[in-house]
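The same chain A turns up in both complexes below, where it pairs with chain B and then with chain C.
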Partner chain A sequence: MTLDWLDAFLITGLFEVAMVIGLALLLHLQLGLARIANFGVVGFWAIGMYVFGVLYVKVDWPFGDPWQFLVCAGAGTLVAGLAGLLVGWLIADLDTDGVLVGTLGFAAAVQILATTEDELTGGAFGLGGLGFPFDIGKVKENEFLWLVITTAFVAAILVYAWRVHRSPYGRLLIAMGGNEPLARSLGKSTFRTKLWLFGVTSAAMGLLGAMDGVMVRFLDVGHIGVDVTLAAIVGLVLGGTARVWGAVVGVILTVGLFDIVVRSYLPLPQEWYTQTIPVLREAVFGAVLIVVLLFRPLGILGDMRRDRLMRQIHGR
Partner chain B sequence: MVAEVAAVGAPTRPRIRVEGAVKSFSGRVVVDVDDLVLGDRPIQGLIGPNGAGKTTLMRMIMHSTTLDRGRVSLLPVGGGEVVLSSMAAHRMAHHGVVKSNQVVMDFDKLTIWDSVLLAVAEARYERPHRVFAERSVFSRHEDEIRHHLDYFGFADPTAFAMSAGEKKLLDIVRCLLLQPTFLLLDEPTAGLPDELTEKVMTVVRDLASAGTSVVIVEHDLNVIWSLCDEVLFMAEGSVVLRGDPRSIRENRTVVEKYLGEGHV
Partner chain C sequence: MDFVTQSLVIGITENAPLVLAAIGFALLYRLSGLINVAYSETITLGAYFGMWINTTYGLDFYAVLIPTGLLAGALSVGTYLAIFRPAKHRNVGVLEMIIISFGLSIFLRHGLQFIFGYPERFYDVPPPDTIWVLGVGVTSFRLLAVVSVALLSLLLYLFIQRSTYGLKIRALASDENLAQVSGIRPLAVTVLIWFIAGVAGGLAGAFYGVGSSVSPLLGWRQFLLILMVTLVGGSWGLGGVILVGVGTSVALAAMALQFEQVLYAQLVLIVAFVVVLKWRGTRLTEAAKV
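Our next item is the complex of A and B:
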């Protein structure tokens, strides 16, 4: 397979877009349906990434890839899911402000642990030695295949979120987000539902983190900053938190436009790439968030249309 | 004075016992009930002036308002006792104790279909991996849901409940779908036209005759007098009188404190 026509920057940019769409879709289930504002997305993502990375590099496994990847990524997914259960348990009865501070604090704690536990994680120096669980030739070809695999996983998340809207579980999430005491009075255990929600979505965020670790092949704490959460939130809010496709549309218009078009194809001065562009990216994303919340708080796609959905699946 | 609870023979319907229950807001005692058993008669009405503590008492029973002290327990037909006041709020419905709300409450983003399907959906279908379970829930419960929606005249269940009356009715339908054994209704007919009020009363009568205990708080006293087998009069946080509707209606205390001379 020859990929000479394909720009390496484009692969990286598309991977970034796919990754953030995946996170935004999972955030959509939490924020868009259950109205739980998780500002610690990057924490779960980072746990998956670092558990995978540390196990992959530091443990002398008796087998090689792809089993080594599968076991390590599975462990990262599991630990991220357990962290989700713990955080879900802690924030279950908090109000919106409490959830925001709690999840943000969790993400900060994960980043601090990744920095200070340097014997395991490499700390500020980073952790190298990661690789693809296959080798089909050149780096670009491996990266392209990994992009395809990651995109397939993100597509699976999209289908899952789409199905959740059409399921009793999704209905319960919406009810819980709209009027939790009323949902409880109907016999619904909102506490257990929040634990399920956080456990499952956090595990998937962890797996995405592990997959990102494979792509970057070198983990450093600068990679798990709040900008990951911000990108997912801004994309989701721009597209529409309540709509499944909101995550896709919003992330393409923000991360896609910036990380692919602006970064790779605009003739910007070379010295901008190290300092200016990352800062500019956060500033633009922040401005987008403010403008959308001011002028179109429901995002481009607007609110969910349960009436139309109910007519589709149950008729009149 | 609270009339003694008649305990003749084995109870044929579930009862709720409220013991030493006190609730204060900002130092003011709103409810102070020494010992009260509800459910001795099929349909009991709870009346009293505004601020008497009727709604607070209902909310205390449902655990949606915490008790300062005291205890609320369910006495099921088969015997035994289930302490409700230490139970998680969502488990009340599992024991058949269900309440409609005085203030209109609804899920803004859910349609009428959604709302009633939510009420009937079993917990096993509401897990993250059951994303193909909608059809099962719908087919299992479609007939009973349509029965209630048709009866109350919901024209298009795929739409959102718009008016306060429609939301009130939807609240009642949700309660009915939970198949309550002990139903608390807090002003169920407030804001409803006469025709729908009559329909609600018919449903309540049917439910009571099938074995459900019903307690109803209502300011429309015509509903109370025509529907209830027993009326409890509350004032200043306590049940001060209970008896058949006629005796309560003619009682001097009730007339002076609540009804007014013109009502008798």
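Our next item is the complex of A and C:
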């Protein structure tokens, strides 16, 4: 397979878009349906990435890839899921302010551990030695196959989110987000539902982190900053927090614009790409959040279909 | 005994700006119930304003504090009038307000780099004198920060608890409609609060900046601690914020001395605060608002 027609930047740009769509879809279940503002998305993503990376590089496994990858990524997913259960338990009975502290605190704790436990994680110097769980030829070909695999996983998350919307569990999440005491008074276990939601979504965020670790092949603490959370939030808010496709549309318009269009297709001076464009990207993302929430809080795609239907039925 | 003395002196002198910033943040939180994530950028921009005035006009650090406080206060009022007030008029929900403030924080943090440049910046000040307090060496800037924080905290406390304007602020925080009926002008009082909070945050930033360096992440790195101090201490009023702030500062220094790693100290504090929040449940955050 020859991929000479494909720009290397385009592959990494598309991978970035797929990765953030995955995170935004998972955030959609938390924020869009259950109205739980997880500001620590990067924490769950990073814990999966680092558990995977440390196990992959530091442990002398008796077997090679792809089993080595599967075992290490499975461990990263498991630890991220358990972390999700712990954080979910901590914030289950807290209001929005408490949720902000709990999730931000978790992300900060992960970043601190990644920095201080340098014998394991490489700390500020980073951790190299990661690779693809297969070898089909040149680096670009491996990267392309990994992009396809990651996109398939993100598509699976999309299908899962779509099915959640149409399931009793999804209706419970929406009810919880609308009025939690009411949902509880109807005999629904909102506590258990939150735990399950956080456990599953965090585990998937952890697996996405492990998959990102494979693509970047070098883990460093500068990679697990607040910009990961920002990208997921801004994409979701722009597209529409209440709609499954909101995450997809929003991330393509934001991350896609900067990481694909600007990076690969705009004839800008090369030195701009080191600092000016990344800084501009974040500033624009911040501005988009403000403008959308002020002037179109439901995002581009608007409200859930069922809400529109209810308004039509009741003539409102 | 040495350990206790060192923890007290280092904690109070190194982290005095934390208390000042937490007071400003708590004022906003008490008035509006808003977790203003962009407050971290008021701190950062305070540091940048001070550095800019200091390096451009050659003013010494002490002279820089007044214009820095005024500029940070004006910035804070500007964000209220341009963003948070219109958002309130549009009935934006609590969760969306937090996301807006998060967006504003990101916008300011990165936007300021187009004005002040990307590299880390430093104040142009002569090396500070070292003053010995209980056998521990402290720089004159740190000591000034402690004195300023103590003075400003006292003034703010008296202003909020004893003055007519303070009474109006507390009335507005309790019930805006009732306050309005009683002849209080909500806009004037709210603008005053945002200004005072901005001044406190800006001065905290200047003290942080002169003690080390000025970078875009300066305020963000302190934000989580400020937020936690406010949520936990705020349920006992402004005095509680000051007490928890001082306690946090000393605990931070003690653990940094013990672990020889300040990040471990921060980790322990984060865990401790989250456990306190869990233990006290929703009552805590509700109580911290009024």
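Throughout what follows, the second predicted complex is superposed on the first by the 306 of 316 C-alpha atoms of A that agree within 3 Å, B and C clash if a C-alpha of one lies under 4 Å from a C-alpha of the other, contacts with A are read in each partner's own complex, and residues count from 1 in each chain.
Note that a residue touches a chain if its C-beta (ideal position, glycine included) is under 8 Å from a C-beta of that chain, and two chains touch if they have at least 3 such contacts.
All values reported here derive from a predicted model rather than from experimental measurement.
Judged by the touch definition given at the top, the superposed model places A:S185 against chain B, while chain C stays out of reach.
In the superposition on chain A, A:L197 contacts chain B only, with no contact to chain C. Contacts of A:Y160 after superposition on the shared chain: chain B is touched, whereas chain C is not. Using the contact criterion defined above for the overlaid structures, shared-chain residue A:L219 touches neither chain B nor chain C, since it reaches no partner. In the superposed model, A:A175 makes contact with chain B only, not with chain C. By the touch criterion defined above, A:L230 reaches chain C but does not reach chain B. Judged by the document's definition of touching, no chain A residue lies at the interface with chain B and also at the interface with chain C. On the side of chain A, the complex with chain B involves touching residues 160, 163-164, 166-172, 174-175, 177-179, 181-191, 193, 196-197, 200, 242, 303-304, 306-307, 310-311, 313-316.
Residue ranges on chain B touching chain A, taken from their complex, read 62, 64, 88-94, 98-99, 101, 105-111, 113-114, 117-119, 121, 123, 125-128, 130-134, 137-138, 156-160, 174, 178. Of all residues in chain A, those touching chain C in their complex are 31, 35, 37, 39, 90-91, 93-98, 100-102, 104-105, 108-109, 112-113, 115-116, 226, 230, 233-234, 237, 275, 279-280, 282-283, 285-290, 293-294, 297.
Residues 35, 83, 86-87, 90, 92, 94-96, 98-100, 102-111, 113-114, 118, 220, 224, 227-228, 231, 261, 263-264, 266-267, 270-271, 273-274, 277-278, 281-282, 284-286 of chain C are the ones touching chain A in the complex.
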